[in-house]
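Shown next, in structure tokens, is the structure this report addresses.
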Amino acid sequence: MIQEDMLITGQRSLADQIFELKLRGKLAANVSEPGQFVHIRVNGQSGSVAPILRRPISICSRDRAKEEITLIFRSGGLGTDLLKEAEPGERLDVLGPLGHGFPVRDIHDMKKAVVIGGGVGVPPLYGLSAELVKKGVSVLSILGFRSAKDVFYKKEFEELGETVIMTEDGTSGIRGRVTDVLDGMDFDVAYACGPLPMLKAVQRKVSDRPLYISMEQRMGCGIGACLACVVHTTDQNDSKGYRRVCSDGPVFRAGEVELC
Amino acid sequence: MIQEDMLITGQRSLADQIFELKLRGKLAANVSEPGQFVHIRVNGQSGSVAPILRRPISICSRDRAKEEITLIFRSGGLGTDLLKEAEPGERLDVLGPLGHGFPVRDIHDMKKAVVIGGGVGVPPLYGLSAELVKKGVSVLSILGFRSAKDVFYKKEFEELGETVIMTEDGTSGIRGRVTDVLDGMDFDVAYACGPLPMLKAVQRKVSDRPLYISMEQRMGCGIGACLACVVHTTDQNDSKGYRRVCSDGPVFRAGEVELC
Amino acid sequence: MLAVHLPGLDLKNPVMPASGCFAFGAEYGNLYDLNKLGAIIIKAATLEPRFGNPTPRVAETPCGMLNAIGLQNPGVDKIISNELTRLAGYDVPIIANIAGSEMSDYVETAEKMSLNPVVKALELNISCPNVRHGGITFGTVPEIAAELTERVKAVSKKPVYVKLSPNVTDITAMAQAVEEAGADGLSMINTLLGMRIDIKTQKPILANKTGGLSGPAIKPVAIRMIYEVSQKVRIPIIGMGGIQSADDVIEYFLAGASAVAVGTANFADPFVCPKIIDDLPEKLKAMHVTDINELVGRSWKACAKKNESSLR
Amino acid sequence: MLAVHLPGLDLKNPVMPASGCFAFGAEYGNLYDLNKLGAIIIKAATLEPRFGNPTPRVAETPCGMLNAIGLQNPGVDKIISNELTRLAGYDVPIIANIAGSEMSDYVETAEKMSLNPVVKALELNISCPNVRHGGITFGTVPEIAAELTERVKAVSKKPVYVKLSPNVTDITAMAQAVEEAGADGLSMINTLLGMRIDIKTQKPILANKTGGLSGPAIKPVAIRMIYEVSQKVRIPIIGMGGIQSADDVIEYFLAGASAVAVGTANFADPFVCPKIIDDLPEKLKAMHVTDINELVGRSWKACAKKNESSLR
């Protein structure tokens, strides 16, 4: 984990209020797992006036050769509205890579994986899918959005494997929720990232195979020191009784922590 | 007085920490006297994070044809450090023109004027001098700076008339203070703008001829409502007993208000 | 949709400039039509004219400012003869802010003000130091605040709103004390006591040394206090402290305010009050709210309901 | 130039992370050498383990943040066995922050902590609600704070710093009460009570509803309180609240602090403490100050002198 003023190498709009940001720097080399995140200080001009708290954003993908990471974020709040104005050539104060991502090292016996994403939970699953495909795992992606205008990275996922787009209003892909299509699907392992109700629904559906979920919590430090981001363990006898999303997570094996 | 998002048409460095900023907009047409000022909202990016208070900056000059005003300011604080990063093409929230400037309408009988400026008190005197020259008044400018690196607008003033540059350390022009050279000078009216000790010294020297001085005070509203910027009248029997620098001033006839 | 009815105040909308940040309206009246405003809370009036504190009187702080104007005003008589006469030309209710350093000052000033037909309500600024009690501010001792409220109520021809100081251990005790003493409403909050030291001069920036902290920095404190107090009193609250936008106004209503005042933000944007008033209807529509009064206290009313049902 | 000597604390420099913002140092210890720090104030310890409040536990506010962590900690015994053992490997004084909801909790926790050789001083966090007294916080009633201080002093083997809550009418009364009760020093300030309401959900953002406001927003309040208190007590003050830079540290010293703690700023910049420590010497040089201790209280010491001479 390092703090670095990374160089912005690209920023573009992907969908309604959704932006893709590319950052170059040494930090990229330190990324060890898909699903890790960075904690970004969004500065005002001159760096003299800025929102107090950093903003946690998942690493969508990492290009080791280019020393680049790609982030995808939704604007709409104070910090992300400033972030979307950041321009190539400027630098951004980034702390990362943080936390533990999706375990992809020892998945030799897995043949088929399904990744399930909702909204801005989709980005980290892209890096994950690419990694899995590289390891010879076939990946089915089920990506849920509110509406057609919110859909992003469809083509990118399709290049990696079968991809099902779902929208709540049916304006793109299949109408419904990601869990509507899970039944009877053939996979060895599942990975999910998205809003809490989605994670809960997925956890109910996928009880018989390994499932890894990525959690969100409001954060302070982002490195495990302030205990802003804790979640209870489901195991009442766990010696700590809690996990920190920022440093123990954000990815947990389903059942390790309470979803609430 | 209007509030306008003025277009930045130019910004350049003039001297150590001294910047010249050009702004275009309707506001320019409303400038009625040299010595008026504008109250600037310095925004962070996106306008979402900004210093709470506006910054008062004198109008250095106005170009009616170009619809432009020129400001000269010293950076070094939170707001002015942000301001110096502003770039041509961007817009700036400006309230103005504010206050009463130097009286130049009815100066028919004046032949020779001396303008006395210190540091960032110099800018409004440039517009004043230009106006006076246009009215056929000959202008002698005495401009004081700390050091050679702080001197600006020497050539501009020289184009209008005789100009004496003074520096405290003698690295440019004459070593000493503006008041050192005032004795025995021949003029009908004097105008001064600069730090309080300079204004006091000038007032002591120029007691026999009309003298107008421009004052500074920390401001809130800039339009006369908050009473942050008051100065006492010297006349104890004055019905109000005070003047607001922002709206009754910033220019006062010497002796109207207390210098302290 | 925006109309609000409070004791003495029939307001077309709940947004008014806060006392001391708008003088008597003349300056802002040059910029826009004051009739747009829900009401105007005019600058503090004292019995005698006051020059106030030496300058510097303001300093900037992170997301806030300090002021130590020192209640400069021409005295109640001149305010009535000069300012209220001018304000009579507008169709906007005037709330007169009253200050003093003795109870008798307050009482006399309040009576005079309340007799004027332009004045629809009084706002008692109890953050002033009480000279008799060795400088203790009226606003920090419930008994003194209650006594002051009672005495002013006894003479006032108009409803009395008591403006609470946040510099107290227990704001609800203050609120309940003045409610019992007959206050018709509350204004909250006044400024937090603060200071800034200039590291160049090594002295406090304000000539008065300490000053009142206002602006967005104090909004969380104001919201918390209004949330607490509104659950303990039956009288309405005019909320203030750092309001800059229609969203802020909604947050205040949710916390428990029935109207709001905007102070410091006028300095950053002189048109902020009319802008907020213009923005509110659309914000409310997006929330499916047809009457802003529905929002009052909703943050805790919802909770109250939840707790109730979970008990069954 | 930067060394500071306070009761129990021989500090190479006066900058330390504030309690609760640095846990027990392990995480920041991965980022830089903790030996750079003047001291470390570790997270509040209670007698029993505490899980703390439900999430969300933090919210952002203008130039500040709210937190309601709820004193989550593994309990004093585990802290001693796990955390202090690890911290013993550093050459940096540890200040142990102590919390509780009964006096007896505090006393027992304080005694245990003070016996540990790694701990050089205690910091009594008196902002906790006192269960016995119906939830009134220890830190708002001078008599209760004094009693608590006395009882902790009676058992503590190390100097005791009392950490004052700013949510009081008269901070000097609190300070003087605990000084008389034997406090060796003061820490000030803890957080201001605040709240934010999410206008989308219409509920408070924090699960705990209210939280503690920290960050630059509260700096003017902290400076004012330290300015007032430092003139009334003889014990040293560890100043905190919104410190982000060496300039801020200097402002605190001028106000009357003898050391400082940095809380919220660690979240924005995890390297802020060592950066400030690195920046201080140059800042002091520019001010022609050879020893930072010279600055303590200079904002009012200068005034005091001036007033004296103007009396003659």
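Letters are used for the chains, namely A, B, C and D, taken in the order the chains are written, and counting of residues starts over at 1 for each.
Note that a contact is a pair of C-beta atoms (placed from the backbone, for glycine too) under 8 Å apart; a residue touches a chain by one contact, two chains touch by 3 or more.
Every value quoted in this text rests on a predicted model; they were computed, and no experiment measured them.
Student: Chains touching chain B and chain C alike, please list them.
Tutor: For chain B paired with chain C, there are no chains in contact with each.
Student: Give the label of the chain whose average Cα location is farthest from that of chain B.
Tutor: A
Student: What is the distance in Å between the mean C-alpha positions of chain B and chain D?
Tutor: One centre to the other, that is 46 Å.
Student: Quick one: report the Å distance separating chain A from chain B, using the average Cα coordinate of each chain.
Tutor: 54
Student: Can you work out the whole-Å distance between the CA centroids of chain A and chain D?
Tutor: 36
Student: Listing for chain B: what residues touch at least two other chains?
Tutor: As it turns out, chain B has residues touching two or more other chains at 50-51, 78.
Student: Mind pulling the residue numbers of chain D that touch at least two other chains?
Tutor: Correct list: 61, 63-64, 215-216.
Student: So in the complex, the part of chain A that touches chain D is made up of which residues?
Tutor: Residues 1, 3, 41, 50-54, 78, 93, 95, 217-232, 240-242, 247.
Student: Touching residues of chain C toward chain B in the complex: what are they?
Tutor: Those residues of chain C that touch chain B are 20-23, 26-28, 30-31, 51-52, 55-61, 63-65, 67, 69, 72, 74, 215-216, 264, 266-271.
Student: For a test of understanding, state which residues of chain C touch chain D in their complex under the given definition.
Tutor: 61-64, 66, 140, 167-170, 192-197, 199, 202-204, 209-210, 213, 215-221, 223-224, 227, 242, 247, 250-251, 254-255, 287, 298-299, 302-303
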